[in-house]
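Naming follows writing order (A, B, C and D), and every chain is counted from residue 1.
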Amino acid sequence: MPGNSFGQAFRYTTWGESHGPAIGCVIDGVPPGMPLSEADIQPWLDRRRPGQSRHTTQRQEPDKARLLSGVFEGLTTGTPISFVVENQDVRSKDYDAIKDKFRPGHAEYAYWKKYGHYDTRGGGRSSARETAMRVAAGAVARKVLNHLLEAPVTIRGGLVQMGPHAIERARWDWAEVENNPFWCPDPEAAKAWEGFLDEVRKAGSSTGAVIEVTAAGVPAGLGEPVYDKLDADLAKAMMSINAVKSVEIGAGLSAAALSGEDNADEMRMAGEDVEFLSNNAGGVLGGISTGQDVVVRFAVKPTSSILTPRKTVDRFGQNTEISTKGRHDPCVGIRAVPIGEAMMAIVLADHLLRQRAQCG
Amino acid sequence: MPGNSFGQAFRYTTWGESHGPAIGCVIDGVPPGMPLSEADIQPWLDRRRPGQSRHTTQRQEPDKARLLSGVFEGLTTGTPISFVVENQDVRSKDYDAIKDKFRPGHAEYAYWKKYGHYDTRGGGRSSARETAMRVAAGAVARKVLNHLLEAPVTIRGGLVQMGPHAIERARWDWAEVENNPFWCPDPEAAKAWEGFLDEVRKAGSSTGAVIEVTAAGVPAGLGEPVYDKLDADLAKAMMSINAVKSVEIGAGLSAAALSGEDNADEMRMAGEDVEFLSNNAGGVLGGISTGQDVVVRFAVKPTSSILTPRKTVDRFGQNTEISTKGRHDPCVGIRAVPIGEAMMAIVLADHLLRQRAQCG
Amino acid sequence: MPGNSFGQAFRYTTWGESHGPAIGCVIDGVPPGMPLSEADIQPWLDRRRPGQSRHTTQRQEPDKARLLSGVFEGLTTGTPISFVVENQDVRSKDYDAIKDKFRPGHAEYAYWKKYGHYDTRGGGRSSARETAMRVAAGAVARKVLNHLLEAPVTIRGGLVQMGPHAIERARWDWAEVENNPFWCPDPEAAKAWEGFLDEVRKAGSSTGAVIEVTAAGVPAGLGEPVYDKLDADLAKAMMSINAVKSVEIGAGLSAAALSGEDNADEMRMAGEDVEFLSNNAGGVLGGISTGQDVVVRFAVKPTSSILTPRKTVDRFGQNTEISTKGRHDPCVGIRAVPIGEAMMAIVLADHLLRQRAQCG
Amino acid sequence: MPGNSFGQAFRYTTWGESHGPAIGCVIDGVPPGMPLSEADIQPWLDRRRPGQSRHTTQRQEPDKARLLSGVFEGLTTGTPISFVVENQDVRSKDYDAIKDKFRPGHAEYAYWKKYGHYDTRGGGRSSARETAMRVAAGAVARKVLNHLLEAPVTIRGGLVQMGPHAIERARWDWAEVENNPFWCPDPEAAKAWEGFLDEVRKAGSSTGAVIEVTAAGVPAGLGEPVYDKLDADLAKAMMSINAVKSVEIGAGLSAAALSGEDNADEMRMAGEDVEFLSNNAGGVLGGISTGQDVVVRFAVKPTSSILTPRKTVDRFGQNTEISTKGRHDPCVGIRAVPIGEAMMAIVLADHLLRQRAQCG
């Protein structure tokens, strides 16, 4: 009933606050006999790590994950895997000035209404710091997928829109996402965004974004109708990421405007295999993977921590104004890319294990 | 691990196939001492019932739900509530011609890949017939909300886009949704849609739609971070409905294009209460309700059952064509309105009970 | 969070009251492609059915289970399986006289304290009538075990003690359990019990019993440490049966008195296989099956429905006396035998599916 | 589906191996606003800590728990609480000699069959070292009970049988459990056990025991029929403790021999309250607490780690013998007392929160 765990068969739980002593996660259900070490996790944490370019928060966290259980002589034992990351660059004082005021659009008002008492330092539990542990769990999930499946599953994400500026899909090149600080698959859009984001940052403002994550090589058959459908769990996974406001599968929102003829992904045999002539479905039919690429897109709102003063209230029921001076991401969507990839891996690993239970 | 249940504290399970002898649901966790009878459920089932206008499938199902347990002397006892609806107007023969072919965009190919063996009659378990039981569970959930809360929760849904034709939000009038066969809050749009949908139907085609559901009167504090957030569970609930391809909360996808200044919902005191000057958040911050209206929007793709022949394959690995002649909805989005309302009620009831567990 | 479901991968939910219109269960997670029909279930329901000898309640229930979903053309489809049994021989009037009084030792006082409002007819939800659906689910679980495993699993139960009278273990003969109305594996004990139970019944009294259930052919490896151990789940399953007051695994309580030397089940190779020289462990080590017979024993208290007046109180806070005149089992332990077998099958099927998820 | 978590509303997960770098637990669902610090936990860990008398293992572990999340300014925030304990006195070399042989009665054979690969040092995950985290979670659960309830819940445990030597119930004195190294409520039995256990230890043997745990002050109404009954969850909780082979509630096994008249706990009014004239039920009727003391008893087998050589096999399928020379408890039942108390507290806290969800 409490909500800090995700998944059923590949099940993980995260804990920790932004400015607490440490954060961590426990992953239960990992198959035994799989090679695993801290070195498998660190590169993924590094991708999400703040402070790597001028476009993300300047908080400096080495994010070194200690692997404390579940592995013996380099192989998983099937028992819980625990990661702990000590927090380092904590400047709680930044938050003293605003600790009794609510940032419009920030979680703290809702935490206050729900729990009465909450950690006011750096967003506490509601901080995106928690997502570091999603990335750790996602790294394990990727290993599980590739350990169990004959052919590799390739999970990739990219920023496809920053503020009002979308990429040109015709220029999509996965290789480009590693060449710019935005994980953008369109090199020209990336170039344009540099200037846009510099302006946003200098203005003390923030901007939203859209992220697209795809998984290639997913076997057909994953997903548990009629409630734990693969797309339903992906929607939940992505919507649970901080600041996400929409989730789309395949054609997504644009499917509403299509006719049945245009939307139907026609099928042909290609040797022994079925080939689809389009992928409006985003790789999921009836909540079950079809073997096509699984395609998810989600929108991230602009962060509520901005310099421009906004009208708000405080804990004492007084009208006031607030402007946030701490270290923040002008576009939180950038760092949402590796998080979205991680959640994709987690959902797929969970459903792969679940599929084995019922269908072998 | 299997997927036919939803919710944690208000937990229900549905069963049954489109052309099987009956469908049903079991609801566990309903508070005791609440008045409940079949008469509380039937009006909501009637709203979803097919065959009520020329714009929906002509299958005639009285959808009379028998209440078989969990109520004694007119009051719930806290034990499971079971509903059973016998299927009546089953024309399985309609499906004989296509039982070995896969409709592009339909769940049956995926069921075949997952389960090997599936019910070929009328979509079997993947049919939207299952949603009748969501509506039954939703009717109980509404009663739970209003039984437990001092002020009523008002859940309303409307069709805000049909195919490429969106409503004019300035004309929004909730009273209008009962005045047209589309649950459309904009009377002029509704009028235009009549002709559009007649054409779609006559062409043997189908069209997508967008549905918006709002809940007013939701208390602040519902939602369980960081995975079972209220918006994450709403996303899962809506995405689990047949044919849904996107889910948005509040400003949704359009939040990506906003600046932090424009997106922030400023706050003022209004007497003792906090008032928000806008609702881009859709009533949810940090995954927790704030007391504002909870606003969800989802897109439904056009049904895959169309007359125009489409390229496909059959179970034997042969290329072929298919056109579907059975009774179908030209716009499945219409009947998704009461289903979306039901899922909203279910998610809210579930989270209200969960909130009581931890926070009293 | 509510409690009317059991199992994780083989998950079932029961519903219904003793004197309501019907009882039923929904089973989710059954592998697809398995032959299943009503005829597979009925023999097991018949074993538990009341009114078959003078030693059990005279309530006459045909207990005909309708199979309403999850099977197509004789094979399971992997979707939920629903059984409904209509109640027939309901004499609610028997309970009118005592509806405001609490039978000492009966659940109704606790239901009243918990729920405030409860079904007073025949025990309502707390009645052992619910166990008919455990037997139905158990019948499906047996089929699952034998469908998935190469070698059959044989689950058998017997009454090993009635009141103070235990069987002689040296005379144990499984064939005998079908030859007497007590499922007793010791024919001489069974003979003695006839007279004992006639006296109990004639005196309007009741007596307790001990049941032993074993499963042979269980593969090694089932059980999920450290909380969902096989023996922990068996303990829960058996303790959840009406009137059960103790559960033992293998040597059970008597293990406390043993030395480490005597308790250790020594091991030898027998060809390729490991052979244990004793089975104090009851087939479970560290919460995981070893391949030995899984052995569970549980004690059932005497029913609280007796003719002798007992001191009690009523709903209005008055002291009073009660004697129960309805139809009851003088030894509810007898009918607990098929129920214990069913729960064994359910726990094993659930853990077999769970094992497949993580360990393949 | 994996098994390293317990509870639904008060839900905790443990991780870590006997000789790994650390062990820990995460507790989710703790109500906000409750005072909590490391000082609340340490005394309970100290009670379970090894090496405190000559009668328990000589492994020296300070068992200092770091509290890493979920508390802000001394009060819980409703977010997950994480404890980590670093392992210190690890002598893995003790196990080298036997790492390929299976101790009869020990979990390692079953782990080998299930997982293929397991941690051979000191029992790995199957070690009773994990129970330190049960005690930490239990300490939090006690605080939750007393934070939420008006009257305190008093949970106490005692050793009531060591090997074949039971206490005299007439001499029961709770104050005595703190006066001897066995948590024995009968001072004369405790005295006799000293000599008995010295002999057992000197012989390199081991002995079983029986523990009884009671909870006074439990409100009526806790427990979720028909599967998550309070006694069913207690049975699971206790049976999940290492080496436990039986669980009894109230009269337990002896209820089988009683008549209905003798077993019924008669009721009288005592002012406004209901008073029971006996407690054969152990405080639970129909799976729901009645307000009487909740009474649970469980038997612990003698540890399998003994000096006397026993016949066994090794990983290579060879017959061999084994005798265990590491540091072990001659009577593991002693340290099971605080663990049983902890599990009682956990089950009660979980059901108290669950009760609030449905029944307020």
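By our rule, contacts are C-beta pairs under 8 Å (C-beta built on N, C-alpha and C of every residue); 3 or more make two chains touch, one makes a residue touch a chain.
Just so you know, these numbers come straight off a predicted model, no measurement behind them.
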Same-residue or different-residue interface between chain B and chain C, half as cut-off: same
Chain pair among A-B, B-C or A-C whose interface repeats that of A-D, sharing over half of the contact pairs by residue number: B-C
Whole-Å gap between the CA centroids of chain B and chain D: 46
Cα-centroid distance, chain B relative to chain C, in whole angstrom: 39
CA centroid of chain C to CA centroid of chain D, Å: 26
Contacts with two or more other chains, residues of chain C listed in rising order: 1-5, 8-9, 14, 29, 32, 78-79, 114-116, 125, 225, 353-354, 357-359
Touch list for chain A against partner chain C, complex: 1, 9, 29-32, 78-79, 148, 225, 353-354, 356-360
Chain A residues touching chain D - in the complex, by the definition given at the top: 1-5, 8-9, 11, 13-17, 20-24, 26, 28-29, 32-33, 66, 68-70, 72-73, 75-82, 84, 114-121, 124-125, 353-354, 357
Partner chain B, residues of chain A touching it in the complex: 1-6, 8-9, 14, 102-111, 113-116, 125-126, 130, 161, 163-164, 200, 205-210, 220-229, 231-240, 242, 245-261, 263-269, 272, 274, 276-277, 280-282, 284-291, 299-306, 308, 310-313, 317-319, 333, 354-355, 357-359
